[in-house]
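In the two complexes that follow, subunit A is the common piece, with subunit B as its partner first and subunit C second.
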Partner chain A sequence: MQTIIENLQKHFQVVSYHQQRENLGFLIASKEVAVGLITHLRDYEGFAHLVLLTAVDWIEDEHFQLTYLLHHPEKKVDLGVRVMISRENAEMYSIHHLWEQARTYQRELREMFGINFPGSPNVDKPFILEGWEDIPPYRRDFDTKKYSEETYFPRPGRETHDPAEYMKKKLYPNE
Partner chain B sequence: MGKEYIEKRTVISPEGNPIEIDPLKDYFCDARPKSCKSASGIIEKFANWARSESLWVLGFGTGCGAIEMRPLMTPRFDAYRFGIQWRPTPRQASVFVISGYLSVKTLKRVVRSYEQMQNPKFVVALGSCTINGGMYWDSYNTINRLDHYMPVDVYIAGCMPRPEALLAGFDKLKHIIREGRAEGANKYADNFDWYKGNQKKIIKDWDMPDYNW
Partner chain C sequence: MSKKLLKWNEDRTLFPEKNSEGKIDVDYSSHKFMKIWHGPQHPGITGNMSLELTLLGDEVMDCETHVGYLHRGFEKLMERRKYIQCFPIVCRVAVPEPDFNEYCFASAMEELAGIEIPEAAEWLRTLVLEMSRLQSYLAWIGGQAGALGQGIIGQWTIYLRDLILDRFEELTGGRIYHMYMLPGGVRGLLPDGFRERMTQNLDDIDKFMKDVKKVMFDNYVFKKRTVGMGVIDPAWIHPFGITGPNARAAGVAKDVRKDNPYLKYPELDFEPVVGKDSDIYTRADVRRRDLLMTVDLIRQIMAKIPDKGDIRAKTPNVLHWKVPAGETYSRAECTRGEYGYYMVSDGTEYPRRINVRGPSYTHAVALLEKMIVNANIADVAGLMVSLHTYPPEIER
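This part shows the complex of A and B:
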């Protein structure tokens, strides 16, 4: 894994690299460099498999964090490329020309987070939600419990039992 | 979103003449569902016995409970000895087993299939998601109570219920049918506006006729 990072240092400026496990590491890239970096990793370094493309909503820091997880089939290592995007006008360059499966991931992110990938085919088509009019539901400022209580008629008389409290009462009833 | 398939348009018939079609009116029935009175006495008892002994289930696995219907086709929990078999189309089925949670997308298709079934029809609701939302009670996409959208005859609690519980539920449904209390289709016809209002509140892009018969 270290050799891969050393190879990368020749072409890119590696500023932040975090090694989580011996076969998993994360790089943080800026939006402009990311697609070039991923193409370089795929073509020269041999990361031929895009495992997933997900997003995390950091509402306190006001940005989305996209993670492109790439897998190296021969060396069996994973490398994640993290890209930070702003929360208003969330847009990112599309990588559907590198991998076909990126189209589905980008379509899902467009629907669930509102991150647009201009140029990706069928990115506007609804994926899971039909007739959705509210804000994208995976954002942290969407209150899903409130939405569920208002739209879908909840049955009254529902109780929730905290498992820890219940087991404590059951096993140690005297305390 | 392209909804051209339900709009009024002019097409060329096979003979070559242009004709005007309006799909929502031409291909579907315009009338509302009607409730029908059952016969009485020994004929109805015989009819109810016959209906309870041949419950043909629609083969539409709506949710995670579809996996609990598969053991019923195996020799261990044989459902065919009770007269329960799975049919491919709604027109041939009399029981609709709603197996588990229903997302908004599935609810639209379920309503369409349910309305295409012929009377008398029964609904068996599997799992706790149909009762009060279950595990997905605070989800933005799943419904919480099934009986606000279609009349339910038997609820089978569990997450997911075991095949034995399913067979016990079918047994309960048989008792209900034999006593003459399985009036789901009539209930749907009588409270059609309420059910339809609830469905339309949730299914925002309604591109079907109001009653899919």
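This part shows the complex of A and C:
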């Protein structure tokens, strides 16, 4: 894995690299170089399989982290490319031309996090939610509990417990 | 008139005409095209999803997969729960194989927390994962046969699956959702007499599978409808992210158990089952042979599994467990392909982000939408089941 990173650093600016375990590492790249770096990894380093593309909302730092997890079928190693993008008007370059399934991931990220991928096919078309008008639900500032209380009415005779307190009372009453 | 209608134009390249982009110009006002919804309530659909099909006669011209009928927002729900409270949620992501979710979640958490589980727990986890694979394949065979009109196969294999569910109930207390793997290990050792009963069940499955082979796989109608149908080009494997039996049927020996071994798989003797022709029949046959290999693996595991020993590593109080900050990805080979959990911890008692990577995410959307074009409407169900798609892992 170290050789791959050294090769990569010759062509691209890698902000940082962290080896999670022997066959898994994560690097951080800037938004501008990310798609070129991922293309290089696919075409020259042999990371042919896109395992997943997802986002993490770091609301306190006002950015989203996009994680592109790539797998090398011959060397059996995984490399996660992490890209930080601003939460405000969140937008990222599309990779739908590299992997067919990327358009589905991007469509989901558009819907669930509000991250736009200009040029990605059907990116604005609802994927899982239909007629959703609230803020994108997987953002940290979307309160699921508040949404449920406002949207659904409580059924009479039904008790609600806070799971953490209820478990503590049942399992560890003396702690 | 009737003769004319039934006459099949052998030169399919002329019918219908394609535009300069190689696609069909769909004009509904011409009354030649029809749009139908295949699912979500349809016996030939797997789970709660639907296919929006555009037909010309009985030929599919265009397809769009629609999911979201079972969206429960599990990934978001988990961000509001402590790690231990996520366990009853993760298994519900995939009904046919809840144990792969439990394993991936537990192993990702253990990796971040730096916990090593005892050897007996590793064996028991391996056993449970293989039992899960076995019952999932048995349910799938019934679905594949049923989609092509062979109802009896499903009755046999669902009976066999119930035998495995009995063993699950005995070992874990639950038939479908087990919540057996917890962070640090598993909940219990094998009950008395479990081995004998399991051995008997495996013998029964071996016997029935010979009949299934004769009635289903050697059946003229089944062959006629599946050989040469729904071929996955081996060149699509990486561009579409195809894994599991769908890739192995195309001759690509992708199997996480071999490629990135986990638990006790390095100590077991097996080789990934691969096929050649990559059509529906080959995929079904790869799964049948994989099922038989699973039976063999369970026998191997039963011979090696210890009766005694620690099954839980020491962990912090689960209600106040702050998993160290970091991120990781844990994967396992399920019956449909690569199953994985991407976990991010910010050092608090709650997971920051969990992303479930289900194999159906790629198989049921990008791949199915490509493969189904030019298929006959009668083959849609068989084609879809042959990819072994499962919608809840798409929408989580």
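The rule is short, and it goes like this: the second predicted complex is superposed on the first by the 154 of 175 C-alpha atoms of A that agree within 3 Å, B and C clash if a C-alpha of one lies under 4 Å from a C-alpha of the other, contacts with A are read in each partner's own complex, and residues count from 1 in each chain.
Everything that follows uses one rule, which is that a contact is a pair of C-beta atoms (placed from the backbone, for glycine too) under 8 Å apart; a residue touches a chain by one contact, two chains touch by 3 or more.
All values reported here derive from a predicted model rather than from experimental measurement.
A:V14 in the overlay: touching subunit B, subunit C, both, or neither? Say first, second, both or neither.
So A:V14 meets neither subunit B nor subunit C here.
Going by the contact rule set out at the top, does A:V33 touch subunit B (first), subunit C (second), both, or neither?
Neither subunit B nor subunit C is touched by A:V33.
Which partner chains sit in contact with A:P73 here, subunit B, subunit C, both or neither? Use first/second/both/neither.
Only subunit C is touched by A:P73; subunit B is not.
Determine, under the contact definition given at the top, whether A:K145 touches first (subunit B), second (subunit C), both, or neither.
both
If you stack the two complexes on chain A, which partner ends up touching A:R158: first (subunit B), second (subunit C), both, or neither?
first
Considering only the touch criterion stated at the top, classify A:I5 as touching first (subunit B), second (subunit C), both, or neither.
In the superposed model, A:I5 contacts neither subunit B nor subunit C.
Touch check for A:E133: first (subunit B), second (subunit C), both, or neither?
After superposing on A, A:E133 lies in contact with subunit B but is clear of subunit C.
First (subunit B), second (subunit C), both or neither: which does A:T54 touch?
second
Give one of first, second, both or neither to describe whether A:M84 is in contact with subunit B, with subunit C, with both, or with none.
neither
What's your read, subunit B or subunit C touching more residues of subunit A?
Higher number of touched subunit A residues: C.
Output the subunit A positions appearing in both contact lists, the one against subunit B and the one against subunit C.
Shared contact residues on subunit A: 126, 128-130, 137, 142, 144-145.
Within their complex, state which residues of subunit B touch subunit A.
Those residues of subunit B that touch subunit A are 1, 103-105, 108, 131-133, 137-145, 148, 198, 201-205.
Could you list, by residue number, the parts of subunit C that touch subunit A in their complex?
Touching subunit A from subunit C are residues 67-68, 71, 73, 75-77, 79-82, 84-85, 111, 236, 238-241, 254, 259-260, 317, 319, 326-329, 331, 338, 340, 342, 344, 352-353, 355, 357, 361-362, 365-367, 370, 395.
For the complex, which residues does subunit A have touching subunit B?
Going by the criterion above, the answer is residues 126, 128-134, 137, 142, 144-145, 147-149, 151-155, 158.
Note which residues of subunit A are touching subunit C in the complex, please.
20-21, 23-24, 26, 48-52, 54, 56-57, 67, 69, 73, 76, 78, 80, 99-101, 103-105, 126-130, 137-138, 140, 142, 144-145, 163-164, 167-168, 171-172, 175
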